[in-house]
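The chains carry the letters A, B, C and D, assigned in the order they are written, with residues numbered from 1 in each.
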Amino acid sequence: MRKFLEIINTLDRRWIFVFIGLAVSLPLFFPIGIKFSVSHPVQGFYDTIEKIPDGSKILMSCDFDPGSMPELYPMTITALEQMFRKDLKVIITCLWPAGPPLVERALAHVGAEYNKQKGIDYVHLGFKEGKEVVMVSMGASIPNTFPTDYHGTPVSEIPIMQGVTNYREVAMIVNISAGYPGTKEWVQQVQSRYQIGLVAGCTAVSAPEFYPYYQTGQLKGLMGGMKGAAEYEKLVGVMGLGTRGMDAQSVSHLMVFAFILIGNLAYFTLKFMKRKESG
Amino acid sequence: MSYQTLGIWIGALFTLCILSFLYKDNPFYKFAEHVFVGISAGYGVALQFHNVFLPNLWRPLMAGNLLMIIPLIMGGLLFTRFFASISWLSRWSIGMLIGIYSGIAIIGFGSGDLVLQIHGNLLPLWGTGLFTALNNWILTVGLIACLVYFFFSKEHKGSFGVVARIGIYFLMISFGASFGYTVMSRMSLLIGRFYYLYGDWLGILPQ
Amino acid sequence: MQIRRLLLCWFTASLVLIATLAAIAQEQAPAESGTTIDTRWFDFNRVNILVALIVVFFLIIYFIEKAKRGRDLFVRRIAGLDAIEEAVGRATEMGKPILYVPGIDDMNNIQTVASMIILGNVARTVAQYDIPLIVPLRLPFVLPVAEEAVRQGYMSAGRPEAFNKDNVRYISDEQFAYAAGINGIMLREKPAANLFLGSFFAESLVLAETGFSTGAIQVAGTANIHQLPFFFVACDYTLIGEELFAASAYLSREPKLLGALKGSDWAKSIILAILGVGTILVSLHVEWFRNWFLVE
Amino acid sequence: MRKEIPLLITFLAGAFFIADYFIPHTGFSSWAETLNGWTIIVIAFAYVLGVANVARVNLDYIQRKGKDTPYKIILLVCLLFMMMVGIIWGIGEHTVFDWFFINIYSPMQAMMFALLAFYIASAAFRAFRIRSVQASLLAITAVLVMIGRVPIGEAIWKDFSNFSEWIMNVPQLAGKRAILIGAALGAISTGLKVLVGLERTHLGQD
C-alpha cells in the first residue's frame, strides 16, 4: 500500500498529460449528448437581442483572437445567426489585432447561409489600436474612428453606415471578449457613459469577474465559456462547436475532480503513515 | 493537393511541434515558437499599416487635413528611443499616452467600478421575499467583511479580526469559483484543438 | 511645498488651455444640421462621480503630504512578511539557495515596482548568510533595477562584497520558455525557499507546481486576481491583491506608497459607512440616498 | 526642461480626458474627438516601435553569436516575410497573408494556450493540497462550480446548475465586488499620482 502511495505522490506529470489527453479525446469519438438547461445570464443575452425591433442596427465588437477561439468563435457564429434571422443590421469592430480574419470567416459562413449582402446587411470595420481610446472615440464619432471598412472602402460609400455617427444611432452593443480590452472596458467606458444596452460573451476565465456587472444591470446578458456558447446554441436552435464539446467538457471536469481527490488522499495518508512510524 | 489541405497539414505539423513541449523542451518546439513569434510580430505591423496608418493618417493627410502632421510628429518622436542622445524626446509622446490612459482609467474605474458597484450593493435586508432577503444579507455581510480584510490601518484583532476572518472565507469562495471556471476555460481550449486535429486534419470524427 | 506649487501651476495652465480651446471651438463648431449643439458647461447628472473623485483625490494627496512631513502613519504588519522571513530563515538553516521571481511584467507595472522593494528587503536579510539569492528575469529593462535592489540590500547589511552579480539572471522574454528556465533552476540548484512576488499570468501554475514538487517552502503574492487560486493552493502563504502593495509600503515607508495606502484605507472606511447607512435606509424604503449613486 | 514638459503634457492630456467626461459642450467634445484620433495613431506607432525593439534585441543576439542564433534568424526572416507580404499584397481574405495567418499563426497560438489544460490538470493532481480551512473552502467551491457548470452535473442532481449559479451570483459576487472596489481605489490613486507627476517610473531614468 505504501509503495503504491509513493508512486502516486511522485508520479511523473507526463502520465497526467496522457490521462487528460484521453479524457478530452474519447468523448469526441463516442458522443453521449448529455442534456443541460439554460442559465439566467445566457437567457438574458438571448432575450435582450430578441427584444430589439427587426431591422435596427447593432454594434458587435469581437475582441478575441485564436487563443480563445474554441469558446468565443461559436458564440460569434450563433449571435450572427440570431441577428440575421431578425434581419438586424450588424456593424462589427475588432479591438484585438488577431480578430479580423476570424470575423471575416464567421461573416462569410453565416452571411452566405442567410444570403446577406456586405455593406447593406453587415459591415466589418476591422481593427483599431488604442483599446479604451477607441471606445471613447466611437462615442464621439464612429466614421472618424473607422474612416474605412476592413477592405478599405470609405465609410461614406457604405449604405449601412449612412446616418450612423455614434452610439446613439445603434440599438445595443454585443461584445465578445477574451480579456483586455474587453467587457470590463466596454462597461466602464461606454455602458454607463452613454446609457446603452450591453450584453457580453466572454471566456470562462473572465466570467466570474463580470457577475457584479450582471447583478447591477450594467450587463443585460452574460455568456461564460464553451458552456455558455452551448446554452446559447440551444436557445437559437443551432448545433455548433459549443454543444459538440459538452461531453468532453463533462468528462474532463470529472477527471480533474478525481485528480484533486486522489492527490490529496495519497498526500495525507502518506503523511499520516510517516508520522505513525516516527511518532 | 489544394492550398486548403496543404494549409491544414502545415498547421497540424506546427501544432504537434508545440505539443511536443509537454514531453520536454526540444528543437521542434524552439523552431515552432520562433516562427510563431516572427509571424505574429510581422502580422501586427502589416495590420497596423492597413487598418490604422493608411485610413486614419495617410489618406486624411493627403486629402489636405494638415492637422494630421501633429500625430505624425508625436508618433515619430517615439522612434528617438533608439538614439541615446535624443531619446528624451520620446518622453513627450509617452507622456501623452500615459496621461490619456490615466485619465481614462480614473473615469472608467471611478464610475463603473466604484460608484455603480456601491449602488449595486445598497440592498434591502427585509421587506422582500425570504430568499432575496437571505441573498442580500450574504452580499452585504460579504462585501463589508472583505473590505475589512483589505484594511491596513488597524490590527486584525478582537471583533475586527473576526470580521476580517469572515472576509477571507468569502474571498476563498471567490477564488474557488475562479479556479473552477479557469479549469472549464482551459479544457475547452484543448477540446477545440483536438477537434482541429481529429476533425479538420485527420477527418476521423463521427459527424 | 513642491506638490502645492506643482498643483497650482498645472491647474492654472489647464484652465487657460481649456478656455482657449473652447473659444476656438466655439466659432469652429461644426454646423452640421441634426447634431444638437450642446452648450452646457457641466453635466449635472454626473456630479456624484465628480464628488467621489474629488474625495479620493483629496484623501490621497493629503496623506502623501502628511507622510512627506515624516508624520508616523500606522500600517499593520502584513502576515505575508513574517512568512517571507520564515522562508528565508529556513533556507539559511539548510544552507540552500533562495529563488526570488519578481513576476513577468515590465517596470511600468506597479506590481513589479512593489516587488523590487520587497526584493531589496529580502536581500538585506540574506546578506548575513553565505547562501545565493537567485533572481531570474524575463525583461531586459528589469535587469538593472533588480541588480540595483539586491546590491542596495547587501550594502545596507554591511556586506557589499557578498553580492554576486551572476545570480541576477536574464532567462528569456517568452512566457513559457521563461517558466521552463525557472523550473530548470528549481530542479538543478534545489532552492529551499521560492518567492513569487509581482505580476504573474498563466505560467504561475507551472512555477508553483514544480516548486511544490521540490518540497521548497513557497510564498507568493500578486494583484492579478485570476492567478491567486493557483498560488493559494500550491504555496504555503499568499499575499492577496493589495497586500502586495501594503507590504512594499510597510517595508519602504516611502511617502508616495504610504500616503496612497492610508488614503485608500480612509476611502474604504467611508465606503463601509455608506454601505451601512445605505443598506438600512434602503430597507426602510428611503430611496433618495441610493439614487445619489446612480450614473446617467 | 527634459522632465517638466513631458509631465505637463501628461497632466494636460489626462485632465483633458477627465474634463471631457464632465463637459458635454459640443465645441469642447469636438476637440476631445480630434485628440482621440491622434492618440489612435500614436499608439499604432508605439506598437510598431515594440516590434522594432523585438527585431533590435534579436539582431544584437545574433551579433553576439548566442547559442540559439539559427532560431533567431528564423524569427527575423518570418517577421520580415509576413510584414512585406501583408503590406504589399494586402491583408483581406484569399491573400497569402491570410493563408499564413489561418494555417500558422492561428493553430499555434491556439495550441500554446491549450497546453494550459495539461498544466492545470497536473497542478490539480500534484500541487492542489488542502492544508487549511481556507484551502478546503476554496476546493469545495471549485469542485461545486466545476461539476455544476457541466451537463453531467445536472445528470447527477437536477438543481446542480441552479445551485452553482447561486454560488456565482451571491457568495462569489461579494468577494469579487470587494476586489473590484479595492482595485478601483488603487487605479484612481495610481492615475492621480501619474497625472500630478508624483509617479515617474514610466519616464525612465535619464
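FYI, contacts are C-beta pairs under 8 Å (C-beta built on N, C-alpha and C of every residue); 3 or more make two chains touch, one makes a residue touch a chain.
On a predicted model such as this, the values are computed, not experimentally measured, just so you know.
Engineer: Could you tell me which chains are in contact with chain B and with chain C alike?
Structural biologist: Looking at chain C and chain B together, the chains touching each of them are A, D.
Engineer: So, comparing C-alpha centroids, which chain is the farthest one from chain B?
Structural biologist: So the farthest one, by centre of C-alpha atoms, is C.
Engineer: If you count the contact pairs for each chain pair, which pair has the most?
Structural biologist: B-D
Engineer: Based only on mean CA positions, could you tell me how far chain B sits from chain D in angstrom?
Structural biologist: The computed centroid separation for chain B versus chain D comes out at 3 Å.
Engineer: Determine the centre-to-centre distance between chain A and chain C, using the mean Cα coordinates as centres, and give it in whole Å.
Structural biologist: One centre to the other, that is 30 Å.
Engineer: Rounded to a whole Å, what is the gap between the Cα centroids of chain A and chain D?
Structural biologist: About 16 Å, centre to centre.
Engineer: Residues of chain D that touch two or more other chains: which are they?
Structural biologist: Those would be 11-12, 15-18, 21, 29-30, 37, 39-40, 43-44, 47, 91, 101-102, 105-107, 109-110, 112-113, 115-120, 122, 124, 126, 128-130, 134-135, 138-139, 142-143, 146, 149-150, 168-169, 172-173, 176-177, 179-183, 185, 188, 190, 192, 202.
Engineer: Mark out which residues of chain B touch at least two other chains, giving numbers and ranges.
Structural biologist: 21-22, 37, 40, 43-44, 47-48, 50-52, 56, 100, 104-107, 109-111, 113-114, 116-121, 143, 147, 150, 171-172, 174-179, 181-184, 187, 189-190, 192-193, in rising order.
Engineer: Two or more other chains touching the same residue: where does that happen in chain C?
Structural biologist: Those would be 35, 46, 49, 53, 56, 176, 209, 213, 225-226, 229-230, 232-233, 241-242, 268, 271, 295.
Engineer: Once you draw an edge for every pair of touching chains, what topology comes out, line, ring, star, complete or other?
Structural biologist: complete
Engineer: Using the touch rule from the top, collect the residues of chain C that touch chain B in their complex.
Structural biologist: Within the complex, chain C contacts chain B at residues 46, 48-49, 52-53, 56, 74-76, 78, 174, 176-177, 180, 225-226, 228-230, 232-233, 240-243, 246, 261-262, 265-266, 268-269, 271-272, 274-276, 278-283, 285, 289-290, 293-295.
Engineer: For chain D, which residues count as touching chain C in their complex?
Structural biologist: 8, 11-12, 15-16, 18-19, 21-31, 57, 112-113, 115-116, 119-120, 122-123, 126-130, 134-135, 138-139, 142, 179, 181-183, 185-186, 188-190, 192-193, 196-199, 201-202
Engineer: Would you tell me which residues of chain D are touching chain A in their complex?
Structural biologist: 17, 20-21, 29-30, 32-33, 36-37, 39-40, 43-44, 47, 91-93, 98, 101-102, 105-107, 109-110, 112-113, 117-118, 120-122, 124-126, 128-130, 139, 142-143, 146-147, 149-155, 161-162, 165, 168-169, 172-173, 176-177, 180
Engineer: Quick check on the complex: what are the chain D residues that touch chain B?
Structural biologist: 2-3, 5-7, 9-18, 21, 34-35, 37-49, 51-52, 54-56, 68, 71-72, 74-87, 90-91, 97, 99-120, 124, 134-135, 137-146, 149-150, 167-185, 187-188, 190-192, 194-195, 202-204, 206
Engineer: Residue numbers of chain C touching chain D in their complex, please.
Structural biologist: For this pair, the touching residues of chain C are 3, 6-7, 10, 13-14, 17-18, 21-22, 25-26, 28-30, 35-43, 46, 49-50, 53, 56-57, 60-61, 64, 107-108, 110, 113, 140, 173, 176, 202, 205-206, 208-209, 212-213, 223, 225, 229-230, 232-234, 241-242, 245, 256, 260, 263-264, 267-268, 271.
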